[in-house]
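A, B, C and D label the chains in the order they appear, each numbered from 1.
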Amino acid sequence: MAGSLKETVEESDTRLGRLFDFSIQALIVLSLVTFSIETLPHLSPSYQKLLSALELLCVVVFTFEYIVRLWVADRKIAFVFSFFGVIDLIAILPFYLTLGIDLRSVRVFRFLRLFRILKLVRYNQAVRRFHRALLIAREEIVLFAVVALILLYLAAVGIYYFENEAQPEAFASVFHSLWWATATLTTVGYGDVYPVTVGGRCFTFLVLLVGLGIVSVPAGLVASALSKAREIEDGKELFETDTKDCR
Amino acid sequence: MAGSLKETVEESDTRLGRLFDFSIQALIVLSLVTFSIETLPHLSPSYQKLLSALELLCVVVFTFEYIVRLWVADRKIAFVFSFFGVIDLIAILPFYLTLGIDLRSVRVFRFLRLFRILKLVRYNQAVRRFHRALLIAREEIVLFAVVALILLYLAAVGIYYFENEAQPEAFASVFHSLWWATATLTTVGYGDVYPVTVGGRCFTFLVLLVGLGIVSVPAGLVASALSKAREIEDGKELFETDTKDCR
Amino acid sequence: MAGSLKETVEESDTRLGRLFDFSIQALIVLSLVTFSIETLPHLSPSYQKLLSALELLCVVVFTFEYIVRLWVADRKIAFVFSFFGVIDLIAILPFYLTLGIDLRSVRVFRFLRLFRILKLVRYNQAVRRFHRALLIAREEIVLFAVVALILLYLAAVGIYYFENEAQPEAFASVFHSLWWATATLTTVGYGDVYPVTVGGRCFTFLVLLVGLGIVSVPAGLVASALSKAREIEDGKELFETDTKDCR
Amino acid sequence: MAGSLKETVEESDTRLGRLFDFSIQALIVLSLVTFSIETLPHLSPSYQKLLSALELLCVVVFTFEYIVRLWVADRKIAFVFSFFGVIDLIAILPFYLTLGIDLRSVRVFRFLRLFRILKLVRYNQAVRRFHRALLIAREEIVLFAVVALILLYLAAVGIYYFENEAQPEAFASVFHSLWWATATLTTVGYGDVYPVTVGGRCFTFLVLLVGLGIVSVPAGLVASALSKAREIEDGKELFETDTKDCR
């Protein structure tokens, strides 16, 4: 009985295990929706009562889940300090610590539960492949990230010199200019700050000419590294076939 | 005669078949243009009459087409419940159901006809290759979609905490913040909502640093999976040549 | 003498030929700058005189170039009706047709001269490779372009239904909505039109979820087709080496 | 002693060398932060004193570093005129030239120090690979850059003709339109200038249809060239193994 409970909780191969997993995940999504609705202004008291009830339900189930997971764990201490053990605890602890007290800010930890969705794909091939792809392209990604940060800073310093006089509010300092540089180099372009001087606009053009390439290359790197990682996996089998053919 | 009619309607290899296909497609485009023009405000009554006449013409031809397709179909029931059979019916049914009544909202189904353009490429190699590419990269695409959604939610929760006090209107709740998160992580950046606090701006920078990669990787994945799918097709022939050379 | 003149004008291998090419190109850029400056409002009469003089110089040299090219061409009729022959004529004809008359609108043809910059890369390997890449990925690019246009239209129709009532000005018809769809799906996001209703915003989210991939895949397709085209070129040599090794 | 000092300054293999490198880099970051904070408006005098002191500290250490580097250099003249030698001098010279005088504008050279961060990755494999990738895709990148610039100019000329009458301020000349073209083709879309006429909007749609591909292809080219460069490195080893197997 304890063995089958252990299987149900820790594996998702059996029918019961999958049911357990999906129930917990549905509850995570429910608790997130509850959390989001609570932030809505002008909620009627009856709604607030319903949300509190749902909140209580989630915490009770998550507490029960935590206790069961702890109970079936082979190494209890290891579970408590494991990544998901800590998250499981963080997700329920704030409720007990603040019983009766309204401590909204602590609730922010609850969304850490969301990471548990990743459990679904933990032993998945895609995650392994993604990990392998990051290892393949790690050096280039770090290089591009560093160059992108340097470019961001240089863009902010440059636009500060061009626009500070014309717009002393929007480009009040290099730090203010960094906000412009972020919005521009990521091509978000909110439109709250933008250059108005001729020099500033030419500078923006040059920065974008260089910057667009640097900012969008890493995504391409990850994509091609992922297809490379897939090739390596497939290649192992192919290579064996290939050399056999040649011999 | 019935055989050649069947060929004309179902195949696009013969000259008549291609003519039939192009006529239907031209009519689909015409009916879409009609549909679009009808939404224009301040249309003169004479224009409205012309549009109604065109509309009637389209429905009559589409009805005729549906009857012919049903007539030449080998398995009539299968055609009625096939994807394109249902769309063909949906495209004409609303007109007959609302004869004399102005039921604008039902007209929305008409644009489903647009999907029939895809018929042109149905047996095309590109679609097969795209399908193969999706199968190759399916796991990574699902993984990135899930991670992107989680990131979107976390970004909305985070910006809510930073900006709610400073802009109680724009960031009134997590749901309002989700709109900001959508516009920002897709780099659309309308500029109707944007962070103004220092914390919110730094948070936006961090979210974009992580988010840009995650949001734009799937497109690169599809592209490289497509080129991989092309390689597999070509590779089958090449592989045979290759091993022949070695033996 | 005529032979060396022919070489100078038509080839860019000799020193004189390269000098001739660069002079003409410099003059093209000069004429473009002149053209651009003329559009500036509030030009002083002295500037306008200088611009007219530069304009005259450009036309004289381009006329001279056209005559020389025609003179050295082996097949004169073929040159006159060739792509660059027509552009050369278009670039100078407006001036003679409008002698004394101010015919600004015709000047727009002059910027067709800019395409002559492409002559520089005409026999270049990169253009051949790009052409080969387009052939490789042609089917996918056409497929994605068609799907993107369909999506654009569907997005416009959808947002029209969601936003027409709330913003009867900005989303007055499907055509107005198409402008929003263009600005949104390309992630430009000017911010002049954006959804304000909850339905419209959720719809925007869904459209972007699907649309971003479709819009940005073609660029990745071209990029990976280009690297494939490079591989094919390199592969031909490698393949020969490879099979030699095996035998 | 001089030998070990030379090692400490020029190499980063030893523990002392790494400590020296990190100290200098930390000081570079500190001097950049100081530089950025100085641009903040309304700084209290006590803060300004602190910043001046930090500034002095940085200059003193950088001067000391420059002297040591010069002292341990084998070829002193070569060091002075080397890239990093010049930057090192530029970073400290302004301070001495302006002793007592407030010469803010010269301080702009100080941020050249940031480039020294690149020293860290100078002998790194990623930089070599990136260099190799640029060589592989150089022709295509130049081709796309030239085509992108031509497109940018044509877009500016086109929108000028469409929007000049409707918005004589925002699209006052081709140069003003270039600003719109930059913001649009890079998809930044600040929203300070955008077309309002039907013609201008259709033109924008066409420009984006063509332009998006051209602007975003180079990033994909770099990414796939990088993965190609990695393959070449790996391929050398694989090729040897491969042919061995066949023999």
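To be clear about the criterion, contacts are C-beta pairs under 8 Å (C-beta built on N, C-alpha and C of every residue); 3 or more make two chains touch, one makes a residue touch a chain.
Here the structure is a predicted model, which means the values were calculated and not measured.
To overlay chain C on chain D by their CA atoms, one rotates by 90 degrees, a value rounded to a multiple of 5. Between B-D and A-D, more C-beta contact pairs join the chains of A-D.
Comparing the contact residues of chain A and chain B by number shows a mostly separate set, under half of all numbers used being common to the two copies.
Taking each chain's centre as the mean of its C-alpha atoms, the one that lies farthest from the centre of chain D is B.
Annotation: 28 Å between the Cα-based centres of chain A and chain D.
Taking each chain's centre as the average of its CA atoms, chain B and chain D sit 40 Å apart.
Shared interface positions of chain C, i.e. residues touching 2 or more other chains, are given as 187-191, 216, 219-220, 223-224, 246.
Interface residues of chain B, counted against chain A in their complex, comprise 136-137, 139-140, 142-143, 146, 150, 153-154, 157, 160-161, 164, 168, 172-175, 184, 187-191, 194, 201, 204-205, 208-209, 212-213, 216-217, 219-221, 223-225, 228, 243, 246-247.
By the touch rule above, chain D contacts chain A in their complex via residues 32, 35-37, 39-41, 108, 111, 114-115, 117, 121, 124-127, 129-130, 145, 178-179, 182-183, 186-192, 215-216, 218-220, 222-224, 226-227, 230-231, 245-246.
Against chain A, the residues of chain C that register as touching in their complex are 187-191, 220, 223, 246.
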